[in-house]
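In what follows, structures are represented as structure tokens.
Below, subunit A partners subunit B and then partners subunit C, in two separate complexes.
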Partner chain A sequence: MIRTARLLAFGWVLHFKMLSQSAFDGFLAILWPLFFATVAFFMFRHGSRNAALGPIALGAAVMGVWTATSVSASSALQRERRLGTLELLVAAPTNLALILLPVALATSTIGLYCIVATLLWARILFGIHVPVAHPLPFGLGILGIVFTIGSLGFLMAVAFVRSRRAWAIGAVSEYPVWLICGFLVPISLLPHWVKPISWVLGPTWGMRAIHAGAFGGSAWGDVALCFALGLAYIAFGNLLLGRMIDAARRRATLSLT
Partner chain B sequence: MRNALRIFFVGGYISYRALFGFLSLWIFIPTLVLTPIFQILLFAYIGRAAGGHSDQFYVVGNAIQYSSVPCLFAMTQTIAEERFWQTLGPLLISPAGRLPLFLGRALPVIANGLVVAAFSLFAGGLILGVTLAGADWARLAPVLLVAAFSCTGLGLVNAAIGLRVRETAVLSNVFVGILLIFSGANVPLSELPGWMADIGRALPLTHGIEAARAVASGHSLASVRGLLGREALIGVAYSVGGFFLIRFFEVQSRRHASLERV
Partner chain C sequence: MAVIEVSDLRRTYKTTTGIIRRRPLEVEAVRGVTFAVEQGELFGLLGPNGAGKTTTIKMLITLLLPTSGTAHVLGLDVVAQARDLRKRIGYVFGGDRGLYERLSALDNLRYFAELYGVSGKEQRRRIDQVLELVGLKGRERERVEGYSRGMRQRLHIARGILHDPEVVFLDEPTIGVDPVGARELRQTIGDLIAAGKTVLLTTHYMFEADALCNRIAVIAKGQIVGEGTPTELKAGVAEGQVLEIEVFGVDESILGRLRDVPTVTAVSVEELDQKQLLVVQATGEREVAAPLLAQLDGIEVGRVSSREPTLEDAYVALVGDAS
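And then the complex of A and B:
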């Protein structure tokens, strides 16, 4: 148990440091959601519904967590493959899931920079103040959304292990997740058939928890669901990873060469 | 002259085929077919939530704005990939005229930008119930073409910077983001602060988007010729600027031996 926790923590720190190395990549990770946040602020400011901008700022801030994760986590295994370390990781006595999970969690943790940057951007340039009515559930909501998005990234990394173009599949998921998890658009506005999809996505509940923590309301149920779905993604990903790796070993297709 | 034409057409065609040899359908479909549709849906729904403009406003704006992705990325990659495969040096010591060499590479990029914008407009409109008549499409085609040309001009500037900067993909993303805000794709220039609107008017796509919206609303092509003229002029300005920037950085990279620094 202690060895597993140490491995996860060490892997998370290592990959977080590696991901923080490229100033260009870090700059884009922060800047990209700011473009969308800026457009959204203008759209809501001039919209006829006079919607409060606080929830929009929060939604725009959380968008960055998914942006930071979707491409990086999806292509995590392809990156190892390109560096020639995938076979070594698979052959290691440690469960590959314990190596891959911290990679995905490190990518979603990078998203914390985006949250801070977007909230500062909203405050300084647009004068949008985000109150925090209940700091504890708010903080847990932020942690929960980073965890559940990281776990979802882990599941995507596993699912696309057989693809050389996993990054493109990760990239195409960026807008749909922003849309159906209710970051900027209330889920009630979406078609009925979309709603069940948003319910099985952890970020939906994380976003609800953060809103409740910031503006009042009960957040505990949403926080619990957010973490529970994150754990479910990890469990499912672990199961899938074993099968994928077995199949790749049997067919000698791990390196995809 | 004949040689220049051969380099322009054949060279451009081969370069583009090479680019999409690396960028397979597994990349083309997610990034240039599905993502623009999702972008249209995202902003159309944000517009509905905010009480903004009609769905048609966002379908037209985002379909054209998304053409910046192929125009900027593909144009830049035609040079960045040469460097990656270490063929940039042989290319630049060849006696081939630079004008047909680089502008030839722009031609298929423009065609691709046009196709991406038209498909996004069609698919996004179909999903959101924005229908355009056959006559609208006939009037829209030249508008989309001029917008794609204009944005490819910016792509040429981006490609030139790629002779000095390694992170060309990051740079392309920054340009795409700037166009998202300033081109009026989702927020009309009249709703932006004055200085932002001024920047928007100097960028590609802004006048093209305005012209396309007018044409899609039933206006004649003649009524938007001023907008189209400005869009084309901006495209020419960026293309000329990009070409001279390429020449400048080519000389600089020879002087500093930085051509193939990857």
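And then the complex of A and C:
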């Protein structure tokens, strides 16, 4: 147990260190969320929804977390493959899930910055004040959404292990998730057939928890669902990973770049 | 009992060919390889590119599943007991990749120490020990991206032996390393044997195999075509003769004619600056220079000399027979 905790913590620190030293990831993490947030603020300010700018600020902040995570985490295995380290990780006696999970969590942690930066950006440039009615569920909602997005990133990394274009799949998922999880518009406005997809995505519940924490309402159920779905992604990703690695060992695709 | 036991190991790759109409294609990379490596031995797998060396090593370190046959390392089955086996073996491959460039050597080693379950207290001692062994002590806090190829390769070795494995697999560890760096690496490999490790080394550098290996298996087209100590392999061609002939402008058709000369077993050509060097192996004591020179009629011929067979001659003869 202690060894696992050490491994997760150490892996998280090292991958966070690597990501924070990457000019590309740095650019993505610092400017992208502000860019999207600015576009969202202008769109809604000039529309008929002036009153809803607070939720938009929160939604834009979470958009940044997803943006930072989706491409980076889904291509995490491909990155290891390109570095030539994937075979070494598979050849190690540690469960590969314990090696990959900190990678995805490190990318979503960078997303924490996005939340703070976007909210400050909204406050300073657009004068949007986000009240926090219930600080504890609000804070837990933020942690929950970072965790569930990281876990979803881990599941994506596992699911796309055999794809050489994993980053593209991650990029394609970027905008739909913004909409489906209700980051910018309430999911009640989405067609009925989309809603079940929203419900199985942890960020939906994380977003609801953050909204409830900020503007009032009960957030605990949403927080619990957000964490539960994150854990479910990890469990499912772990199961899938064993099969994927066996298939890669059978098909000799571990070292393909 | 042998530390590595390989029996009739086979590996087939399935791929496709064609752009519009894709057709399945099967490539037999390893075709029934059998060998055994004893405790404390440095065993070499020698062969040309694409011979099946890396595929064999990847099956032994559990990265590839064999199509058929069996392999046991330290008594553990490489398919059924992969997780247990991984704790007890180390793997090092050649080339620039396989390291986290943005991290320091120390961070790279600490990370892999965690992955191999080396405890915190033990980590410091082991990292110091392996850095000392590979000669990187004092440079461990520098980022790997600033390392030379030789330093990276030494770091690879340090990573591979960090958890004190009983068996170390080295896949072309000196590839692309300058002569001085390669010599230092060979010294490091020698030190591994002195430390009691069993080493399986793949290489296509003859002098490296000759200098380091207790025993060698020559692999060509997925099959072992010769096995023994370097001396035994050389003895296989020692009864014959090796002639070196300097020539200018020899083409494939002339090489074919030379190969047809009775008693000639192998002909290879080495391109030098302004000339070519023909290396001809022949069996028996019979005079072979005259019939060879007769086939070179019209070609400018320089110095002709004979010499003692080397491991390279044995290798060329074995690989040549397989093709």
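The rule we apply is simple: the second predicted complex is superposed on the first by the 251 of 257 C-alpha atoms of A that agree within 3 Å, B and C clash if a C-alpha of one lies under 4 Å from a C-alpha of the other, contacts with A are read in each partner's own complex, and residues count from 1 in each chain.
FYI, contacts are C-beta pairs under 8 Å (C-beta built on N, C-alpha and C of every residue); 3 or more make two chains touch, one makes a residue touch a chain.
If you're wondering where the values come from, they're calculated on a predicted model, not measured in any experiment.
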Partner chain(s) touched by A:44 [first = subunit B, second = subunit C, both, neither]: first
First, second, both or neither for A:27, with subunit B first and subunit C second: first
Which of subunit B and subunit C A:193 touches, first, second, both or neither: neither
Contacts of A:184 with subunit B and subunit C, given as first, second, both or neither: first
First, second, both or neither for A:172, with subunit B first and subunit C second: first
Overlap of the subunit B and subunit C footprints on subunit A, listed as residue numbers: none
Subunit B residues touching subunit A - in the complex, by the definition given at the top: 24, 26-27, 30-31, 34-35, 38-39, 41-43, 45-52, 167, 170, 173-174, 177-178, 180-181, 186-187, 191-192
Touching residues (chain side subunit A, partner subunit C) in the complex: 3, 6-7, 10-11, 14, 17-18, 21-22, 83-85, 87-94, 99, 246, 249-252, 254-255
Touch list for subunit A against partner subunit B, complex: 24-25, 27-28, 31-32, 34-36, 38-40, 42-44, 46-51, 163-165, 168-169, 171-172, 174-176, 178-179, 184-186, 189-190
Complex contact set, residues of subunit C against subunit A: 13-14, 58, 61-65, 83-84, 86-87, 91, 93, 95-103, 107, 110-112, 114-117, 120, 159
